[in-house]
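Listed below are the structures to be examined.
What follows is a pair of complexes built around chain A, which joins chain B in one and chain C in the other.
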Partner chain A sequence: MAGAALRRLMAEYKQLVTNPPEGIVAGPISEENFFEWEALITGPEGTCFEGGIFPAKLIFPFDYPLSPPKMQFTCDMFHPNVYPDGRVCISILHAPGDDPMGYETSAERWSPVQSVEKILLSVVSILAEPNDESGANVDAAKMWRENREEFNRISEKIVRKSLGL
Partner chain B sequence: MRNLLVTVATLALTVVVVGNAYIQKKQFYPSVVYITKSNPSMAVIYLQALIIIWLMGKLMQKIFFGELRAAEIEHLIERFWYAITETCLAFTVFKDDFSPKFIALFALLLFLKIFHWLAEDRVDYMERSPIISWLFHTRIVLLLTLLGVVDLYFISFAYHHTITKGASVQLVFGFEYAILLTVIVNTTIKYILHIIDMNREVFWENKAVFLLHIEVLIGFIKVALYMCFVALMIKLYTLPLFAFRPMYYSMRNFKKALNDIIQSRRAIRNMNTLYPDATAEELAAADNVCIICREEMQAGAKKLPCNHIFHVSCLRSWFQRHQTCPTCRLNVLRSSPDSQSTPHAAAPPPPQIPLQNAGVPPLFAFPAWQPPFFPHMPNVNIHQANAPNVGEFQRQQQQQQQQTQQPSQPQMSASQSQPFSSESGTSQTPGAFIDSSFSRQFPFPFMIPPIPPFIPGITTPPLPPQNWNGLSLEELRQMEDTGRRGVEARLQCLRNIHTFLDASVILMQQYLTSATITATSGVTTSNVGSQNNTSDSNKTNETVAATNLSTDTSEPSTSQTMFSNQSFETSSTSNSASDKSENSNQQNEFQDKLR
Partner chain C sequence: MEDKKETQTNIPTEFNPDLNQDELIMQRHREIEKEIWESTSLVCEKEELSSLEAEYITDEVYQGKVKDLLRKYRYIRRTRPDGNCFYRAFAYAYFESLLNHQREYESFREIIMKNKSSLMTSGFSAVTLEDFHETFMEVVDVLSKGTSAQDELFKLFNDQGYSNYVVVYLRLITSSQLQLKAEFYQNFIEGDRTVAEFCHQEVEPMYKASDHIHIIALSSALGVGIRVRYMDRGQSTEAIAHDFPEGSHVHVHLLYRPGHYDILYPIDTN
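What follows is the complex of A and B.
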């Protein structure tokens, strides 16, 4: 019998395949390694990221679901909650205990109740409504707050790039 | 492509160097001497050797691992640079022994180290991949055996060398290979555990525990080895700086493993003692899926204080890290019952039912204070006789009301013919009769009957037991028990406290009700009130309360409540006799006045 982490990942994959949430596709990159996933996230409608399809990589730890996975966009992304190198900074991806930004309560941290689906839905929601207080990308946070037009222009560019246009 | 280019270029350089030497010297031996004497030529030869080692490594990798994964390569490169740095540091200690042979030995060590790391990573990978081929097993078994044999050979070689020729750089090698051997042993054990796990049909709960124990053991051996080595090196040479980083890491890992094991044991202990097993109904009521592993729960599920249910093994591994409920983040350690060590004073023992009086019909007259608007009062006797049938809640309420009335009872209860023998113990309070009859005649929601007005200042809430006599030795022992029974006994205790609290809430409501009655219902009641007030105050002591409490329990209607203070009866019988005679006098007096 396979390990607990692997079985849980397989269960989540099955769930995502049989009952996919809108605008999200995710699965292991290769059948041989269930601990590296690729996800495609559609930019939520009515936002500046509308229409974009953003690929991201999910790396799961050995002790998943006790520890959170890491998520990183593999495309260009300009967003207050995404580091310039693509790593996503949302509270549910942080294990209780460590607090990189010093602003989160433990109630919004990772717990085994979370899942890939919930993570991706959270990411969709921060695409729609960035949290400019956490500021993984300070430039983006500042622009989002002060110069929304410029921000929208850049995100439109990113959307077009993500579609290969 | 670049690798191929480098290989070809190096080969070409070597050919040029060797060809040049041969052309110049024309003979084998002078050529060799020429090459070794010429530094540029030696540099090329060293480079060639390096390339050959690298090619060998590639070949070994192809044989034993096939294609390396990105994570493995990343891991390897990171470790490799540390190893190189430490090797250079080691050179500084042994600069006197510096020779090509010495470098070759270190290169071999590094080369073997790399394969140890890769083997470790590969075995860890077994847990990640759903597909493990026979090729994988063959490769791992072969590699582990080979590396183990090589390690053992070098250890014995170093040992003999040190024994026969005294301390030398062989000490470092012997030690390094010993550390590598622990890695191999650890990897082999992990591999075996993974194999066992994979061939099992059901989930192997104890695997994590096994792994943890092995980690601690291996960690301990490593730390001990490093300690010995550093001590030896300081004694024979100098401070072995190159061993400090790995020593620090192995100590940290050991500490972490030890901590893990302690946390794990605590989690297991808590799990076994604090949280009850989830029953089949509870499992069915929840959606029967453990939120941690997303699998169905059949047996071996535990319920947390917050009513969330998980697999035992899943909870254990989570509690090792965080002592919170995964779903609601309730801190399970903080919320566990505090009464564990200090059973609360207010905790009456579990029900013990004195039923000897069950059939005795209560003898009494109507309460003197009976308000005219209680038309059902004539039926009181009949209802009381049937009282054992009333529901738990009713009984509880009744009792609470009895308790509320206890302080004022001496004046208010008009039962002239009340039997006073403590044996029969049916010192009925009028409130009780009214309640039972009342609640039977009225629909259920009307649970709080209007009780006779009395002076709020006199009334006391249900009194907690005054001493430990209230709990029998057996009950106390039960509460101290660590097992399930102990927890249940403590829970029972807490529940009793809860009932007491409920009682006081109801009391408050009664105060309010009685206040309104006093306001609306004429002179009689207010008279009674003033009577109570004037004649009593000094008798509303705890003894009376306790006495009444004890006699209440023997009354059939309340005999099954949680407040069965059987032991109070014994403790307070002596007091009760005198109090009761006093009570009877006053009651008589009281009734006369009312007439």
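What follows is the complex of A and C.
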């Protein structure tokens, strides 16, 4: 089973290298282990995360793509859909029925035809537009709703830190 | 691996706001579910249908239906109740019958090869589709060996790698068929979901159970007739049959008990 997962991960990696989506770089941390990837996500333009480059790691299960990977930012991140420890909590990382946050029924879910690329694009889109219904970080969700100015100020700090400034 | 540790060490301890408690409970739930699943093989050996009688000794309604089934069927082959059972039972039963019908095998192979391009137009990318297609074809090609491949087929269907990829590919065929004929199938979808949303949530993901709509779509996509015998609490003394698509020539017989499908073998064959 791990053989099939490896084959698929190699194919996805090749695809991401030859045809990279804008603002996203991703690949295995080492050639020795294709089940751990690092991704760099550029903060989307016109949002409070603009200009930041955010590293994250993806851990794939041996039955990938039947089950989804897990994703965790390895930099500071203050966002409604990211746990304080960096773990990303969005619907595409969960199979239907596996529903910690009671996502809307129309939300995109994990299935074997999803991909790393689709996950990363979803992450870019929640950076631009957090889903404040799912409070992985309750403080961030509250601040996003009630004090956008403060939220933007914190984001700016995170952006600068991500660039080593 | 990491997660298991997390569950074991964190559930009994104090509340930790950094951990999502719901997620931990769900994970526990999944582990228990998995244990139950794994007590049944993906596809079991054939057994005498009379073994069902013992399961319902105290239940008159079900007993009557078992008696009815015994008049028509001889064997049952159980499958793992993991939400994939319809696809797995269907594939095994149909593939097994193709071992004896090489002409039909040839035309089935052609249908699958043609079908691949309609999967591409349903929006599945080549990268995600290719592996499932290849593995599916690997299993299909075994059928060309005829009856001597019976054991090999059984082994492949009990190998998670092959067996689950066959299930995925049938899920994709089902999804593609539903989306191709979206106007028709929309009428059968409850709530305000579109056919595409329904497919992404109820068809494409593994372990999601199947209903009539899935069966109709798959049987018509492949042109393979499926007879499902329903064993439920309904008052009829017969285990009622539904044929999909309606009026078709039946290739595969399945037994439905609430939430689960197994394979049935009619008395007149073997």
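By our rule, the second predicted complex is superposed on the first by the 159 of 165 C-alpha atoms of A that agree within 3 Å, B and C clash if a C-alpha of one lies under 4 Å from a C-alpha of the other, contacts with A are read in each partner's own complex, and residues count from 1 in each chain.
FYI, a contact is a pair of C-beta atoms (placed from the backbone, for glycine too) under 8 Å apart; a residue touches a chain by one contact, two chains touch by 3 or more.
Note that the structure is predicted; figures quoted are calculated from it, not measured.
K.L.:
After the overlay on chain A, what do you see for chain B versus chain C, clash or fit?
P.N.:
clash
K.L.:
Is A:Y83 touching anything from chain B or chain C once the two structures are fitted on A? First, second, both or neither.
P.N.:
The second partner, chain C, only.
K.L.:
Kindly classify A:F35 by the partners it touches after superposition: chain B alone (first), chain C alone (second), both, or neither?
P.N.:
It touches chain B, and chain C stays clear.
K.L.:
Which of the two partners, first being chain B and second being chain C, lies in contact with A:P55: first, second, both, or neither?
P.N.:
A:P55: touches no partner chain.
K.L.:
Now for A:P96: first (chain B), second (chain C), both, or neither, which partner does it touch?
P.N.:
Touch partners of A:P96: chain B and chain C.
K.L.:
Regarding the shared-chain residue A:G3, is it in contact with chain B (first), chain C (second), both, or neither?
P.N.:
both
K.L.:
Which of the two partners, first being chain B and second being chain C, lies in contact with A:L66: first, second, both, or neither?
P.N.:
both
K.L.:
Regarding the shared-chain residue A:P112, is it in contact with chain B (first), chain C (second), both, or neither?
P.N.:
So A:P112 meets both chain B and chain C here.
K.L.:
Classify the contacts of A:G27 with the two partner chains as first (chain B alone), second (chain C alone), both, or neither.
P.N.:
In the superposition, A:G27 touches no partner, neither chain B nor chain C.
K.L.:
Report which listed segment of chain C has C-alpha atoms clashing with chain B; options: 19-27, 109-117, 145-153 or 181-189.
P.N.:
109-117
K.L.:
Once the two structures are fitted together, what part of chain A is touched by chain B and by chain C alike?
P.N.:
Looking at chain A, the two contact sets intersect at 1, 3-4, 7-8, 11-12, 15, 63, 65-66, 95-97, 106, 111-113, 115.
K.L.:
State the interface residues of chain C toward chain A in the complex, per the touch definition above.
P.N.:
It comes out as residues 2, 18, 20, 22-23, 26, 30, 124-125, 127-132, 135, 160-161, 164-165, 168, 171-172, 191, 193, 197, 200-202, 204-208.
K.L.:
Which stretch or stretches of chain A touch chain B in the complex?
P.N.:
Against chain B, chain A makes touches at 1-8, 10-12, 15, 31-35, 62-63, 65-66, 95-97, 106-107, 111-113, 115.
K.L.:
Quick one: in the complex, what on chain B touches chain A?
P.N.:
The touching residues are 69, 124-125, 127-131, 197-198, 200-204, 291-295, 313-314, 317-318, 321-322, 324, 326-327, 329.
K.L.:
Under the stated contact criterion, what part of chain A meets chain C in this complex?
P.N.:
The contact residues of chain A facing chain C are 1, 3-4, 7-8, 11-12, 15, 59, 63, 65-67, 83-85, 89, 95-101, 105-106, 108-115, 136.
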